[in-house]
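In the two complexes below, chain A is the common chain; its partner is chain B in one and chain C in the other.
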Partner chain A sequence: MKQEIIALGEINEKLLKELKKAGVANIVFCVQCGTCSASCPSGRVTAFRTRQLIRKALMGLSEVLKSDELWLCTTCYTCLERCPRKVETVPAIIALRNMAVESGNINPRHRDIAHMFIRYGHAVPINEENVKKRESLGLPAVPPTTHSFKQALEELQTLVKKSGFDKKVDFGWEGQK
Partner chain B sequence: MTATDAQIGVYICHCGGNISDTVDVEKVRQEISKLQGVIVAKTYEYVCSDPGQEMIVKGIREEGLNRIVVASCSPRMHLDTFRRTLQSAGLNPYFLEMANIREQCSWIHNDKEAATSKAIDLIRGAVERVRHHKPLEPKRIAINRNVLVIGGGIAGIITSIELADKGYKVYLVEKSPSIGGHMAQLSKTFPTLDCSSCILTPKMVYASQHSNIKIFSLAEVTAIEGSPGNYRVLVTKHPRYIEDNCLACGECTKYCPVKVPCEFEAGLSHRKAIYTPFKQAVPRTYVIDKDHCLHFTKGVCRVCERFCKAKAINFNQKDEVIELEVGAIVACTGFDQIDPHKFEEYSYGLHPNIITNLQFERVMVGGFGKPSDGKPPKKVAFVLCVGSRTLDENKGVKYCCKIGCMAAIKQAILLQKAVPDVDPWIFYTDIRADGKGYEEFYMTAQEHNVHFVRGRVAEITPINKDEILVRAEDTFFGKVVEGVFDLVILSTGIIPSQDTGELAKKLGIQVGGDGFILERHYKLRPVDSQREGVFAAGCAISPKDVRETTLEAMATASRVATFLGQGEISVSPEVAYVSAEKCDNCGICIDICPVKAFESSSEKVSVNPLSCVGCGICVPKCPKQAIDLNHCTEEQLLAQIHGVCEGGIHPKIIAFVEKNTAYASADLAGQSRASYPPNVEMIMVPTTGRIGLKHVLNAFAAGADGVICIEGHGGVFTEDALREHVDEMKKELRKYGIEPLRLLSISTTIPQYDKILNVSATLTERLRKLGTLSEDVRAKLKAETSSLEVPQK
Partner chain C sequence: MKLALYLGCVIPNRYPGIEAATRKALPKLGVELLDMNGASCCPAPGVIRSFDKKIWLLTAARNLSIAEEMGLDVITLCNGCYASLKEANHILKTEEEKRKEVNMSLAEISREFKGSIKVKHLAEVLYFDVGVKAIKEAVKRKIQVKAAVFYGCHLLKPRELRPWGSVEKPTFLDEMVKVLGAESVPYRDKMMCCGAGGALRSGALDVSLNIVCERLEAMKEAGAECIVNVCPFCHLQFDLGQRQIAMKLGENFNMPVIYYTQLLGLAMGFTPQELGIHMNATDCKSFIERIGI
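The block that comes next holds the complex of A and B.
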């Protein structure tokens, strides 16, 4: 079997710079002790290893932006709380995700959530069950959010367009009113 | 002799071209000879040479000179040389001033015109200053040959023995009832597996029986006065409530009804309210714990009295204050451990079998029984780096505890030997085995079936009485590993003992950001504190193991002997003094003095010239302007400021430079032929804390457009103090119409001279944009300052 060799001259300096810009410069203090990985509730049921992700980022390996595990963090912050070096693990992961999206790598489920947000103004829009529950409690069927205020939803969609968020998450406006 | 009688001789050195290639020395000579009181102004190829010095001697003897200015290399190079020259001609050596026109002028600038103009400024400053110089004499003071050692752990014991064997009288003060410290609690020591008690106890007994050592146990240092070589110390000896005729038979303990968690057993078992801390305690005399004894808490019981055969119990004992006179003090205050309760995820306190490594030492001595049931453990987890190597200030400390790895390896090996079927697992971040025989010891553990997991433990969860779940990542595999253990040992981090900071304040010494006692020089004076005559050894300075502590204690004893062995101490006359008629006894100086040199009687404050280090921080802080500093008096300093500011190139910047580190750094810039703009001119000060608003305003009034304070890193005037001081002055500047941006401060180490280059360039650039100080502002300043501040020529 052929071993992969990482050429140390070819690391993605931009990656580190971006992380530093995102305010997570302290990932350089990581000593790879593994407290994060072993604390990770997601890592117990998935292949997610926070420590390795941070290592890859520190080594400037672009592959980190394409990896599936980047999207397995639930941002529960347990690793950050326990990290002895106060590495900003979760903000680092969020910064990496932003970079991944910029380079066209977004997890399909995350993209779906983004589409929901653009379409309804909610990552989790209201459903039948919740409408019923609200009515049984004597509340209006829909909450006073974008669900009730069409103008607010339009404002949000205007912002989405202006900021280019729709393009980043491949949102198609066809069929939208 | 007054300033107006000054007959000044100025000797300008070519330094074989080093100066004269860049500075037009003849032009300088002509300009300087015009100054009032300058009788002689000469240039010479090498002023430091024998004929050069002869020229100065002749000037003093034959031309009636009574003040000398040498304009040459840095005073760091030849100040002593030329002081000796003056002395040989019968003139007080303090009538000398040097102008540094080599390291801080000819070597730093290429522009001959600018360098010449700057040289004139610097020499003018020296001339104006020297006319105000006063004759001074260093003092010689006899040193007391006794030593106070604070702390009776292994560091204090070895230091005391070494000094006592050399013939010095030692007072050893220990706050607990027995000497011995943490080492007495240990089972065996790595890597040789010597029984800790077996090697320590004989030293304890030797110390207690030594005719040159007097031990005060259950005692603490309450006050320290005096100065290096002559400290007066008050020691409060707390009552044991048991007389020295105690036979240590232990009958009293049997009948005492009160149970207290035992300190020596690290809280794993109980002792009585009347007790001896441990079997080999020195002194052997028992002690009554006043906080728990029923007689003291409820006024009942006294059952011990009935059973004491020696009739040694005395409930009427009181605190005793003992006054000691010593020449030197050694702080051997040792360490504490980080409280593992801080780590919620480690469940310390929730299960009896989750213990610290110190508690496990006692478990080992007690026969390896688990705290829960006394039975030997089957599977043991050692959790390293609990609270060490962390950037989380709320939970732990940045530094490595230095002993955790080797202690865990030792404990695992001993455990293997005692309980052969046990399964020890060490969870580590890095194994640090950097002492003699340590790596080999690590190998021994590997040979003994001790398992190593390279991963810091993430969580410890008690499951039931005999099961504790430990989870970590094996970072080599990249897999999470879990194990169920019946005993978990936390290697908790090392911190300075609780009272270190308090004691340091009493001693007038500094602690570092980590709370440990700060050494005078990290490499070259590693056991001297920042104060002369005060030393330290052992974990009071930093975490270390027994061998290193012993080494350090021996080094400290040697340093103390060197200090005391001088017999007498030479005290610099460059110290602060208080004008009694101006002082209103407000006490501000007492609070700010970093070395506790001020002494206060009922009415007046005075300076102990033996303690004062001449930093001058107190001078600008005195609201009554009652303090001045010998050889950097207000008069001398202001005269120099005005002298230097008179001419030169705008935007003119005056840099006040701390005399040791920062000045050496500026010199190094010259030696390295680096460069900063020639409009920056330096004035040496003892520390930049000597500079107050008055001096800054005077600089601006006399022609400066900007001021920089350059402090040396690690001195008595700390970075924080400098920042606060300069911020205060900046606020004040606004009131005079001066932009605060014109004042800057930095702190530097000797090799970091680029900081000086950068700050000089930055401020020059800034002032070019800002423009020179407006003439209106300067005129107003002149009017305000000249009335009282500018010294008469």
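The block that comes next holds the complex of A and C.
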């Protein structure tokens, strides 16, 4: 069996500090029991192991920020509910994902969803097919959301600009009405 | 009682039948629904929150401020919207620093988070405020069908802010389904995730479909004739997911997927067409024939 050696240079001491800053300091209580992995719906159909992800984060291996595995968690919270040490597993994964996006690691499909959210105020916007369905059900053709109120959408877009979310997900405002 | 209806994305833009069913059924139980004009995506707890917690909290705060202006508690029809709005509401009510920061941004769009309302899920309103007894009294015809009741994750977990007690073996939704005349069949891994959440469906569709396939197999084995859910994203995953599984894996489950207010609407005497049941990706014709409507 090949021994995996982790060199000191691979350890990013800032990672744990940032996780602590993000309010998930209690991952240090993890005793690697594996209850999380055993409860995981994604882990059952893939090689994703929550326990391993938490361990890597604790060791400061920033490879976790680039790994596809980070995005296999469905955020079902079963691991968090069952953890005997009450480790905030899902908030830790979300904090790691935030760091990944911050450092430019985002799946193009996810970027598209973020762009929809900024452009329409909906991660899943209306389409022709559903306008017709709505009309045939006697509902207004377009729902009374940001889809119907221009000012509401502008409010949301102001918040997006203010928070810098547009830059994080490379959203271009050109061509935006 | 009057409530602010939070629509979200998937219901109005992909499954408007759920919106129609809810708007028809709830007033019959004394629940008046008022629109939250100008609300946006909640935003999705596993998607937008995974990208950036700041914009997640800000957007949720803006949505909550719309209901606060109306002076009404929010009703959500989606487990994801429930998670985002309920958790954001709690954070903003209890963490002063975050509230201040959020309100500084909201001031630029002349809004403010005050912390004056509650966020409830459809199931919460029906179970605690309306009550199973009142639901039973509204039933005009019993829907005698074997149902695989599916709760979904974010309705129950994390348990901290939620009113249910048990997250491993809850019974409230089963009770609500049984009272409509249906049988709730026990099945393997009933409390396990549908596989849609956490940006998995968009990011890794194959994995997501493998997960939902396991749920569908267990439901089929247990003899379920339909799935009853209370979340449009679980609904989409089971419904559209079946079509995708048929294309990719060649497996046909033919399992009708029904949102709770659609089943409730049928029991109240509305037609399947009024409730948009025929608009599912999965064929519901045999289901409609089976229940004799």
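We take it that the second predicted complex is superposed on the first by the 169 of 177 C-alpha atoms of A that agree within 3 Å, B and C clash if a C-alpha of one lies under 4 Å from a C-alpha of the other, contacts with A are read in each partner's own complex, and residues count from 1 in each chain.
By definition in this document, a contact is a pair of C-beta atoms (placed from the backbone, for glycine too) under 8 Å apart; a residue touches a chain by one contact, two chains touch by 3 or more.
What you are looking at is a predicted structure, and each value in this text was computed from that prediction instead of being measured.
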| item | value |
| --- | --- |
| Touching partner for A:K86 - first (chain B), second (chain C), both, neither | first |
| Contacts of A:N26 with chain B and chain C, given as first, second, both or neither | first |
| Touched partner set for A:P144, first chain B, second chain C, both or neither | second |
| Chain B versus chain C as contact partner of A:T158, first or second or both or neither | second |
| Larger contact residue set on chain A - chain B or chain C | C |
| Which of chain B and chain C A:T75 touches, first, second, both or neither | second |
| Touching partner for A:R44 - first (chain B), second (chain C), both, neither | both |
| Which of chain B and chain C A:S103 touches, first, second, both or neither | neither |
| Residues of chain A at both interfaces, chain B in one complex, chain C in the other | 44 |
| Residues of chain B defined as touching chain A within the complex | 345, 385, 389-392, 395-396, 429-430, 454-459, 471-475, 478, 480-481 |
| Chain C residues touching chain A - in the complex, by the definition given at the top | 7, 9-10, 12-14, 16-17, 19-20, 23, 35-41, 43-55, 58-59, 62, 105-106, 108-109, 111, 153-154, 157-159, 167-168, 191-193, 195-200, 202-204, 207-208, 210-211, 214, 274, 276, 279 |
| Touching residues on chain A, where the partner in the complex is chain B | 26, 29, 31-39, 43-44, 49, 51-52, 82-86 |
| Contacting residues of chain A [partner chain C, same complex] | 22, 41-42, 44-46, 68, 71-78, 80-81, 90, 94-95, 97-98, 101, 106-107, 109-110, 113-114, 117, 121-127, 130, 133-134, 137-139, 143-149, 151-153, 155-156, 158-160, 162-163, 165, 168-169 |
